[in-house]
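Please see the structure below; I have some questions.
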Amino acid sequence: MLHSIWLVIAAPLAGVLLNGLLGRHLGRAFVGLVGVGSVGVSFVVGALALIELGALPAAERSIGVGMWDWITIGSLQVGMTLRADALSLWMVLVVSGVSLLIHLYSVGYMGHEDERMFARFFAYLNLFVASMLLLVLADNYLLLYAGWELVGVCSYLLIGFWFHKGDEEQAPVVLVDGSQVAVPPNLNPPDSGKKAFIVTRFGDFGFALGVFLIWSTFGTLNFTDVFAAAPQVPTATITAITLLLFMGAIGKSAQLPLSVWLPDAMAGPTPVSALIHAATMVTAGVYMVARNHVLYDLAPTSSLVVAIVGAVTALYAATIALVQVDLKRVLAYSTISQLGYMFLAVGVGAYAAGMFHLTTHAFFKALLFLAAGSVMHALHDVIDIRRMGGLRRKMPVTWLTFLVGALALAGFPLTAGFFSKDEILLKAFEFSPWLWAVGLLTALVTALYTFRALIVAFWGQPRDWPLYEKAHESPPIMTAPLAILAILALLGGLLGLPIVFGVPNWLSEWLAPIFAAHAPAEKHMLSVTTEWLLLGISAAVALVGIALAYWLYAQRGDITARLTVTLRPIFVLLINKYYLDDIYNAVFARGGQRLAALLAQGLDKAAIDGIVDGGARLFVRGGAWLTQFEDGHIPHYALGMFVGALVLVAYLVLR
Amino acid sequence: MMTEQLYFPLLSLLIGLPALVALLLALLPRERHDLLRGVALGGTLVVFGLSLLVWFLFRPGAAGFQFEEDMLWVAGLGIHYHLGVDGISLPLVVLTTLLMVLAVLSSWRAIQEGVKAYLVLMLLLETGMLGVFLALDLFLFYVFWEGSLIPMALLIGRWGSERRVYAAIKFLLFTLAGSVLMLVAAIVLYLWGGNTSDLPQLLRTLPGQLPFALQSWLFIAFAIAFAVKVPLFPLHTWLPAAHVEAPTAGSVILAGVLLKMGAYGYLRFCIPLFPEVVPYAVPWLSILALIGIIYGSLVALAQEDIKSLVAYSSVAHMGFIVLGIFALNSQAMAGAVLQMVNHGLSTGGLFLLVGVLYERLHTRRMSDFGGMWARVPIFGSFFIIAALSSAGLPGMNGFVGEFTILLGTFHVNIAYAAVASFGIVLAAWYLLTAVRRTLFGPARQGNGSLTDMTAREILVMLPIVILFFVIGLFPNWFFEKINPAVEVLAVQSPAPQVHVQLGK
Amino acid sequence: MQDVPTTWFLLLGAILFTIGAVGVLVRRNILVMLMCIELMMNAVNLTFVALGRELGSLTGQVVVFFTIVVAAVEVTVGLAILIELNRLYQTADVDEVAGLKG
Amino acid sequence: MIEMIQHPLFWLVAVIAVLSASGVVLSRNAIYSALSLLANFIMLAALYLMLNAQFIAIVQVVVYADAVVVLFVFVEMLLGAVGRIPVVERLTPHLIVALVVGFLIMVIVGSVVYEVPIGGARGSATQQAINQAGQVQVLGMTLFTDYLLAVELAGVLMLVGLVGALVLTHQWRRERGIRVQRANREGMPSASAGANRSSLTGNRS
């Protein structure tokens, strides 16, 4: 299977063609079958390939599969070549596995769409899977960039899937003192898609420059050749390359300062949010940094930037998630925050930890989104948590799975999230206690906002009775994937148990041939005591956070309410997302539009065309002025003739 | 120079056939519209077939001209009738013949008045355009250059929309003003080159002959003539006017082929003829191209008329092409040649689609559109695909061209490449804005009677869309033919500086 | 006794030509303008013949012969136009006739 | 004998010619102008005789003094009172420029004629040669040999002129002519035109 790894991409692509071109004639069942089946094929092929790769000796676990020469101009030689190694196949497995479950879920979730839209949805989703797999399997930077852009387009199309919808106004928050705090409206889907594409493309602008710089420096775009030659290249160049590539990651993984698009991306259907904007596409940045770890290891400055951006983003997004009233947006900010964790990990050189968190996050965040989708499905697209409450009685499966996801996200001991987050914090502590402190604080906030959402939505009494009455549990095709993901979120931690447990960290070892091959020698190992201590602190923080959330939101809602009034300025700041969107809107979106209008009206129409048309008008005017001498009076013409003759004669005579 | 195994004058036939068909059309009765259209379609199809024959018989990997035909035309003046095709002109020839077929097909219903004159002019235009790409004699080139101008101006002036006469005159005057300079320069070259206007001969005799100052002036004269056609900022204002007013097929040909004539001129004449001046000209032309990219994109963003938007996007896209040409390395130049084809296809496709919309709604204002995707899904899909191709989505044609251009440019000048890359961000912005305002959002009231694309319209778009993907996935089919031709130019011109050459 | 010097004839021609020219320019009666044109032609004719004699060439007289032919035709057509013009404008005053303009 | 009085005769003829020419320009009545023109033509014929160009002198009398002047008078009679247009009403800029131009023409041409010697190759048609063969015969020989084509073309020209004059004044032109006149009047801002227009609109309404 290793050498037919292209099947992984080809299968969903075939699904795209079938569903995209003929979908509306095939019927929902068939379309669903094609959509799910093609991803299933990818998953199976990916799993078989992984097993096959595992059977090879560790040193040979990297197989290049060339398909055809893509672009050949002189020294520029880029092949349509895939690389199957431990890292890429692991990503294939994560992506296709999570995709498979989400496809299955989507059959139920999108069931009320008409046939054309249903087919279109699965075509997009399959195209996304193919693109994402191309991204992870790419053997060179150009192919990586191609996949990178393609997933962006799929994201664009899927966010704007309900293209006819308008902005969604949000009810203002009423505080206990009677005052109101306006909540920014949810952007409409087509504009959200556009925003997502353009913001990420701004990051891709840096990524593209990075790729150009790589070619200009190395004369090749193949990963292996670049990595082999990298140590001979000046650090400054490598730093420039890695920072430029990281710019792409910032855009794609919604890190500061390009984080604004991801919350708006929630305008898309929920399975899309789960698949693209939580589990897979947004983690592409992390994968990219991990893939290029050779370069990042050579550029400590870049790594530091990555780590700091990650840490700051983690805290920034977690605080915003604390006050959101839209369940999906809570999860979106949580995603940004968790991606920050991953960047913190890869920034401090813990690539395996980053990949581990990427994997567990894919499980529990997909789970949380799907569960949120299940809630939306039940409540007819109501997503405002202020209108929920007590849902655990109506939707037991959804409630339980959401709880599992929340526990994992909050880092409840022994869940998948606990182990992966702890590994990151551990490595961060090794690197710098300051980063660890930020990470720990974020962990506390994470537990707090996660359980705030959970409690407000599922606990207590229903706040909107008519809505509550209509609520119902989702069909099995939706709850089955939830259950599977819940199990993964609980047990995913087994993939990478801490070394102090005395068992091998399986994922770390699996990825070792990739990351260890070039990694610099281990700096220092923490003592076992310190590790246990840190583990204990993490667990304690998670528990404290959960308890605090329970106390604040379930027990003593009055305190929370008064607290909100006291901290009103902070509350307003957070609910307006630190005003980052407004600043961007004012400066870039509106500023750009205004500049464009100015250029179009002022420069193009008035100045340039004014000169052109003015020149033309000058000739017309001149002609009009000259015609006054041509007044039709014959004596005048005759006089003109005589004057002309006279001048000619005078010239001839006086010459 | 050895001629090909074919002594058959294939290129002459290629050029002459459209004119012959035009003659035939002129003899047919003017009321038989469908007969006229059928004959014209058949003619363009045969020409397209011939160009495909040339494409497949063309030997890749060989530099220099193939299928050459050379005979003395004006014996007393040493003017030759010299035709030939190389890797630069070949893709453009095939693009021209393909777009002509689609243009004739697309105007099947749109043109109802003066059908005969319209088709005759279209075919004469084809002769002119093919002549421009195949001529290897300065004066022959000039004749075809001007020859293609007149039918186009007439097409705009007669079958355009409200301000067509203004647009046609503007187009005519701009281009004429430029080409007069070119004629003067051509005459000077002719005199200095030993009374010959034959390009290969000039290339053999001229080096070292011309004083630098004279070379500079000649270069400027040629460069301005081509800059008008490309068009480069600030000589571009004829383009939006002409595009907006032209009939759909006219816009397609204008964007698809006529603009390429300028870029082709740079590659064919400016760079090989004046190698000493080129390094000094590079910054000027590159910066104009960059201004064109950013400026064109921003102005496109502010347009309300969708055709105007696509027109300004052409200014931006052609900026990429000129930037690539004057990066003077094989990657950027080959990319530029491919991008010429890409731009012809994607912008041509966009114009065709806008035409489809205009035929139904009789408006081009984007505020009159909105929410159409639900009503016209086939149109919507085509429109999105064309917009994404234009925005340079990987897997489609635009990506390969833009990427190779920028890669090559980056190698020469990082700042140029950085600014141009930013243009890609802006491209996404204005194209997605167009998609957003046209297809998305709530459906508008007035567009209730909108019908989706007919089979004929789909047939027009299908080859374009297929080519989007074929070029995007297998660009080497093109590069293997383009590369040798541009490598000659890249070698002739000063080689780009290599920063660090490692690896491999 | 010498012949009359050619220069005198030429000077006379110049004077007659000027008188004709001034007449064409100042008179508003089209008929008189036509007559003045005839005057100018005759002045030129005189110059031709005088120079022809001076140079011992018959070409001068030949040209004059043709000029007279042309003048006759010109007058014929000119007067015909005049009549037609009169029909249109009911006047022979050139100031009233100002249709010859863009 | 005639040689004796050549100079005084020239002066007499010249003065009459200038006076009659001035008469053409200055006469208020076109009939007087025409008569002055006749005098001028005859004086010129006399000058031609002095220049030994007998044939031209005869043609001058026959064509100019006869045919042309008669035509002028004829037309004058045909048109009647419309011929009476004052010579000069007031001093317009046009008039001043015209006089200056006229003066300059005279000065320049006169000075050239006076100053510059007559150059160029002398022809073979000397006095003796002409006297031997006879003036008219020599001229005729030249016209019908060297200038044959021109002579034929002159004939064609006269024919065309004849036909042209006929076509211009022929009756059927009148219908169209009136229409043209109407159309012209429409566009002309004169009182009569205005009246015409109002009558037209009156008819229509």
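To keep things simple, chains are lettered A, B, C and D as they appear, and every chain counts its residues starting from 1.
Quick note on the criterion: a contact is a pair of C-beta atoms (placed from the backbone, for glycine too) under 8 Å apart; a residue touches a chain by one contact, two chains touch by 3 or more.
None of the values given here were measured: they were computed from a predicted structure.
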Nearest-to-centre chain - CA centroid comparison: B
Chain pair, most C-beta pairs within the contact cut-off: C-D
Interchain centroid distance [CA atoms averaged], chain B/chain D, Å: 64
Centroid spacing, where centroids are CA-atom means, of chain A and chain D in whole angstrom: 97
Interface hub residues of chain A, defined as touching at least two other chains: 635, 639, 642
Set of chain B residues in contact with two or more other chains: none
Sites on chain C at which at least two other chains make contact: 21, 25-26, 28, 99
Footprint of chain D on chain C - complex, ascending: 1, 3-4, 6-23, 25-29, 31-32, 34-36, 38-39, 42, 45-46, 49-59, 61-62, 64-66, 68-77, 79-84, 86-93, 99
Chain A to chain D touching residues, read off their complex: 635-636, 639, 642-643, 646, 649-650, 653
Touch list for chain A against partner chain C, complex: 627, 630-635, 637-639, 642
Contact set on chain B toward chain A in their complex: 170, 173-174, 234, 236-238, 295, 298-303, 329-331, 334-335, 371, 373-374, 377, 384, 388, 393-395, 399-400, 403-404, 406-407, 410-411, 414, 417-418, 421-422, 424-425, 428-429, 432-433, 436, 439-443, 473-476, 479-480, 483, 487, 490, 499-504
Chain A partner contacts - residues on chain C that touch it in the complex: 21, 24-26, 28, 33, 94-95, 97-102
